Amino acid sequence: MRPTFRKLHPPAGARPGTLVPSPTAVPPRIREIRYGPDGVTDRDVAGPASLTPEAPGDGMVTWVDVQGTGDVTILRQMGERFGLHPLALEDVVNAPQRPKIEDYNDHVLIITRMVRPDEAGELDLEQVGLVVGSNYVVSFQERYGDVLTPVRVRIGEGLGPIRSAGADYLAYALLDTIIDGYYPVLEEISEALARLETRVLTRPGSRSLDAINRLKGQIIAVRRGAWPQREALNRLVRDGSRFISPDVRVYLRDTYDHAAQAVDVLDSHRELVNGLLGLHLSAASNRTNEVMKVLTIMASIFIPLTFLAGVYGMNFEMMPELHTPWGYPVLLGTMFVLALLMLSYFRRKRWIGGDPEDDEDDE
Amino acid sequence: MRPTFRKLHPPAGARPGTLVPSPTAVPPRIREIRYGPDGVTDRDVAGPASLTPEAPGDGMVTWVDVQGTGDVTILRQMGERFGLHPLALEDVVNAPQRPKIEDYNDHVLIITRMVRPDEAGELDLEQVGLVVGSNYVVSFQERYGDVLTPVRVRIGEGLGPIRSAGADYLAYALLDTIIDGYYPVLEEISEALARLETRVLTRPGSRSLDAINRLKGQIIAVRRGAWPQREALNRLVRDGSRFISPDVRVYLRDTYDHAAQAVDVLDSHRELVNGLLGLHLSAASNRTNEVMKVLTIMASIFIPLTFLAGVYGMNFEMMPELHTPWGYPVLLGTMFVLALLMLSYFRRKRWIGGDPEDDEDDE
Amino acid sequence: MRPTFRKLHPPAGARPGTLVPSPTAVPPRIREIRYGPDGVTDRDVAGPASLTPEAPGDGMVTWVDVQGTGDVTILRQMGERFGLHPLALEDVVNAPQRPKIEDYNDHVLIITRMVRPDEAGELDLEQVGLVVGSNYVVSFQERYGDVLTPVRVRIGEGLGPIRSAGADYLAYALLDTIIDGYYPVLEEISEALARLETRVLTRPGSRSLDAINRLKGQIIAVRRGAWPQREALNRLVRDGSRFISPDVRVYLRDTYDHAAQAVDVLDSHRELVNGLLGLHLSAASNRTNEVMKVLTIMASIFIPLTFLAGVYGMNFEMMPELHTPWGYPVLLGTMFVLALLMLSYFRRKRWIGGDPEDDEDDE
Amino acid sequence: MRPTFRKLHPPAGARPGTLVPSPTAVPPRIREIRYGPDGVTDRDVAGPASLTPEAPGDGMVTWVDVQGTGDVTILRQMGERFGLHPLALEDVVNAPQRPKIEDYNDHVLIITRMVRPDEAGELDLEQVGLVVGSNYVVSFQERYGDVLTPVRVRIGEGLGPIRSAGADYLAYALLDTIIDGYYPVLEEISEALARLETRVLTRPGSRSLDAINRLKGQIIAVRRGAWPQREALNRLVRDGSRFISPDVRVYLRDTYDHAAQAVDVLDSHRELVNGLLGLHLSAASNRTNEVMKVLTIMASIFIPLTFLAGVYGMNFEMMPELHTPWGYPVLLGTMFVLALLMLSYFRRKRWIGGDPEDDEDDE
Amino acid sequence: MRPTFRKLHPPAGARPGTLVPSPTAVPPRIREIRYGPDGVTDRDVAGPASLTPEAPGDGMVTWVDVQGTGDVTILRQMGERFGLHPLALEDVVNAPQRPKIEDYNDHVLIITRMVRPDEAGELDLEQVGLVVGSNYVVSFQERYGDVLTPVRVRIGEGLGPIRSAGADYLAYALLDTIIDGYYPVLEEISEALARLETRVLTRPGSRSLDAINRLKGQIIAVRRGAWPQREALNRLVRDGSRFISPDVRVYLRDTYDHAAQAVDVLDSHRELVNGLLGLHLSAASNRTNEVMKVLTIMASIFIPLTFLAGVYGMNFEMMPELHTPWGYPVLLGTMFVLALLMLSYFRRKRWIGGDPEDDEDDE
């Protein structure tokens, strides 16, 4: 099991705003997408300095997509460029923070958790930080690659209302896409549960147990990301924010429902996976029972017979049975009958000839 | 076990309003029921275009019953005809959504979960989406067939106040009927619990375990549908809505109570089914105990006897017992007495002759 | 186990107000008790038509006590006589409803659950519906017999303030009496728990397990009745009602406390009964352990001895031990010593001579 | 196990205010402590009639300390003397009530649960009822003896601000002392947990199991008293009361914190005691494992050897091995080697020579 | 296990403000740090009398850092110097109190729990009490040493805004540093969980069980400190306080998030550690199964063979097989075949040749 909690935190007591580049963080790649009803520009920029200068009032929305948090200087410049509160900058860099939505004077900060399978098939829970201003969204991720390509396509090809809507709609689109990314993971967990149940019933063993526990760990980890996300969205939908228009709030309500559904499903899954553990324990105990039965049947049949054989192997001088010609066949017959009696006893107890519940099962 | 969660979701990041026809969805069958105090018309229509044109003020209520969500075009036309918000349309088509009740400007959207046994006796949890406007209700289901026939009969035959009431009362009647549909399911679960308990006590085995776990899965699945339904109804009853008159709110309070009762009962059932798992584990351990006792009794009686026989089967030259005429009968007698002693020991320990608790049970 | 949930529900989708007489419901017996500061009349009436005509302003309070819900016509007349809302009438007849307290325009409806042991000693959870108006209380029960006799005595003999108080005080007196009826049941459960614990420790077996599970089922069933009752009382005490005077609210606060205490005690009992299950499992595992020890001791002592006997039962020509006169006694001595060694090993492991913890237990 | 719930309740349906003397209740001893900044009088009084007549405005605070509720007449006189509401009087006499704080017109009623070990070392949870008026406090206990002596000393010796403060401060002092009485109990439970854990690991057995369960019962019982106490204090601190001055509210906040801490600690203890049960089960299963290993080792070594001995004990005429002079020693050697092989197999499996985890444990 | 709860509490009923020096408390060391935008003074002081006299309006912030609560006189002088409420002084001295934040007239009292590993690697949960006034913070700890050095460095070297901010910012810096101190502990627990899981799967035993239980105890203890801390911070962030400026509240929101994250992670860990217990139980049952299989295989193979050998060791005169030359080899062959059959039976049952699930595992 990989440790389940690891956080890029500054040394305790560092002053607020201390940025701690993750040892695995990569140098930032910055991409600027500016769009409006009339057009789109989409270009990679070297650093905050190369961003298009602000031009409020031109109706354009800017999405600055920062992937990689490995260069503190650039991140700090980015913070200055968009007037980020030091705490907001710290939150987007020092991942993972608890998912939350916070109102600052000049922007809203949305910390969210994106989930997707990594190359090894393990779940990768990566933090995405969104800073939403009046006409821009800056998104920060620790590593390259994300689930947001469909939003880029919708902007690029002008699908749907996104090009004519504001920065708040973009933020919604990003959030919604991130939350939608939970569904395939939930389905995969659901299928893994079904597969594991079959496996536990047919081939219990320590490997299934390990798989169950790993699945349980995954469910708990995903739920730890999803639950505060639901709470934060709930508060945003309920209380609103200066940077989110009422129209977009209706959309966010939908996103909230999806987040709530994800938590519901994760809770069910958690209960089911606990049930699987019980099933496994029970299956293991059934196996022990099977083993015991074989031993008991073998021993119970042969121990009395061996005793009889032992008796007639004794060397007493006066054992009249030994000298009659029918002694041997009678004894063999007796042994045979005894064995049959034991067998029929075990059959009556249903230890032989099938599971006790296989017969008479006419319901 | 079938996977417990499968959702028709658009690809993550699709723009809101993307409709995803389920692979198993069937082409829509649309039925229009228009009624008022004076009469009813009930006809199948080919598509939204064939619906009776709106005539506000004529006091008629229209119920458009759409079964099957397999044709995106028709659904989209339906959405345009009734001015459905894109998110509302998405919610009724991309099932299953989380049960909820949402206020839009022109209508209330009610997402609810209908439960009924399918042909194979499995529980079928199907989403029913209700769009309630000022004088119409549009209901959407993914597949044909439902539990709503009694409402159609009440409209058709003019039973009760339904013909003289408005669209909100129709929505209540539909909701109430859907929630009432939980009761037979709850009773069936209750009976299955009772049956399983008897079975676990008399014929424990891996098949009962499997049945218990399947029942638990069903309970969890039904509860996942029922719980948010209760919450949504609670909010509706508490806060009201423009489209629901106070009179109908009183009725919805009753529906809320039924939903709450369903959740209560499901919670009890969940606890009871967990208790059954414990009972099963315990019964299995009892069986192992039984097996062990048989083995121990057989072995404990015969092993010492076999040892004695072994002793007198030794070939020492100087074993005086072997040469006395009474050696053999005395040994046989000794063995007999030993066996009796062991038997009486086991009987005193109550391993033979009944369950330890069967005697002296005078309370 | 009897199924734990069975409800007299109309066919799903029946119009609201459909009354469903229970198959076991008996024909109603109606008793009218009218009282005021100056006197009491108490008579059985044949039907609603024979009730004393309403005479508001005469300061009399009327308690109409309807036992048996087997006759829909009479119930419906009763509903008309007192102007009951159709839903209220449905709730008192189609038992069991979830306990609740609902305000209608002309009356308050209180659905509560009365608990008492039936003839077979099983718990009988029967619904009592109270309709409280300005100067009357109508109580509905499904079957004959109740726990309310003390209230009738207090009215009949003019004990306490009941004769000079209003209908709300009568409702309180009935509610309080019903809730007080939980205490003997709680005590009985508490005693059953104590008895079962002793039994599990001394005579574990499948019968105790069954008893534990039955007790657990009872606790859950009673709690399912008590919990919503507490909630409903809480809301009534907090929000008040037009039909309950502030003076009586103080009394209801006390009733609420009793209901809350009942729920607390049931929760404790539920935890304790779960603990009993663990205790039982553990006791069963201890028994298996005992059985195993006996087997192991017998086998470990005699198997090596039997081996030795087997060795000297071999027919090799050249076994010098067989020909010495002291071979036999030396071997017997060796066997004896071996057996003693094994016994002392087991005694040191405390498998013989008492439970490992029985000695040195001086704390 | 003693039954965990026993309440002195009037027969169900008794009119409110019915006082039920407990069968074990003792005749009341009444002690009146009157104090003010200038002095104290402390005397035992025979009954309510002998109390110092009320003299409002003289700045004196009266604490009437009633121990023993065995005499209904005296209690009723006491109620009349202080104008107690019938329900308040019922609550202080018919113990145990649920801990609560209730505002009446003329006084506040505080029902609280005092905990202290009785002579047998069992926990004794006794109800203390406090009636707090403008210038008096009446305290009621069922039995003699309490934890309140320090308050009497503080009054008598004039320690701290108590003599110059009002009746509300006295009530606080009593409450605080009662809640402080939980700490030694919590520590004792904590130590019992630690002792039991050691014992389970070294000497598991049915007696430890019994002790664990008894401790669990104690924790649940204490928590049932502490939890509603915390809730009641929380409400009092939040909402205040006419009879509690703001200054004393600050002190009560502290008392609330202590009650909350007690509940926190009890919750932790409950979880730890559940963990102990798991530990016990596991230790028992380890013991079974030990027993099984001994049996398996003994049987696996000697059964094959016995078989070999049996083979050469056969009486076939043509068994050439029997006639060679080295047959016997070679067989003995083979047996010895076989035994060594089995032993080394078991040692490799770590069944011999220590717990599997005792070696190579270099972490 | 060390007892999990031990509190320095005054004897129950002591008057409020009674200070109880812990038996292990050390004499106080007092350090005064005064700073402003222009400079810092940092000196050890002997007692409250030596503190720099108050000079409001000079813009300096004073941090009085009291380590060691072993001298009641000095503490009491300190309380007088800063006008501490007796309850506040009691709370900082009589540790551990429940973490909380309380508003007094002249200051805010913050009780918090600092966590750090002690020399023995055990977790040390020490209370830190902060008294925050308009221009000073007094911090109290029971023992020497803390996690607050980084704050001292930030003040000393003028890093960040701390020197130009007020006492509220200092309080925030201290709180934040204390909460940040939870992260390394959480990570360590997370790693311990991962290590223990590996160990349980490879080398289960009573030592792992003990380690699991100890870890569980740690998690519960840390959570008991973290949970009320989160609650207190939540209330402070929500309701504010006279002594905390809005700017600093934004920072405290961040601290709250960290506290909430810590609780989330602890909850996950608690569930995971419970899962480990199940895993351990299951692994132990697997081991028993292994032992049983070895026994069963050995016994099942050799018992029938021994029986056969016993038969031909009998001394009947008329056993024709004994006299044929091929009797012996035929019997040996039969035995060999029988053994092979048994072995193949066990192999088919997968008791030999690997875990049942190791084959055919192609998923």
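The letters A, B, C, D and E name the chains in turn, as written, and every chain counts its residues from 1.
Following the convention adopted for this analysis, contacts are C-beta pairs under 8 Å (C-beta built on N, C-alpha and C of every residue); 3 or more make two chains touch, one makes a residue touch a chain.
Because the structure is a prediction, the values reported are computed rather than measured.
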Set of chains adjacent to chain A and to chain E: none
Least hop count linking chain C to chain E through chains in contact: 2
Self-contact between copies chain D and chain E, residue sets same or different by half: different
Separation of chain B from chain C, taking each centre as the mean of its C-alpha atoms, in whole Å: 25
Distance from chain E to chain B - Cα centre to Cα centre, in angstrom: 40
In chain B, residues with contacts to at least two other chains: 281, 285, 288, 292, 295, 299, 303, 306, 310, 313-315, 319
Arrangement of touching chains [line / ring / star / complete / other]: ring
Chains in cyclic order, anchored at chain A, direction fixed by chain E: A, E, D, C, B
Partner chain B, residues of chain C touching it in the complex: 1-7, 9-17, 85, 87, 90-91, 97-98, 100, 102, 104, 195, 199, 203-210, 213, 216-217, 220-221, 224, 227-228, 277, 280-281, 284-285, 287-288, 291-292, 294-295, 298-299, 302-303, 305-306, 309-310, 312-315, 319, 321-323, 325, 327-328, 331-332
Of chain B, residues touching chain C in the complex: 147-151, 154, 159-162, 173, 176-177, 180-181, 183-184, 186-187, 189-191, 193-194, 197-198, 201, 250-251, 253-254, 257-258, 260-261, 264-265, 268-269, 271-272, 275, 278-279, 281-283, 285-286, 288-289, 292-293, 295-296, 299-300, 303-304, 306-307, 310-311, 313-319, 351, 355-358, 361, 363
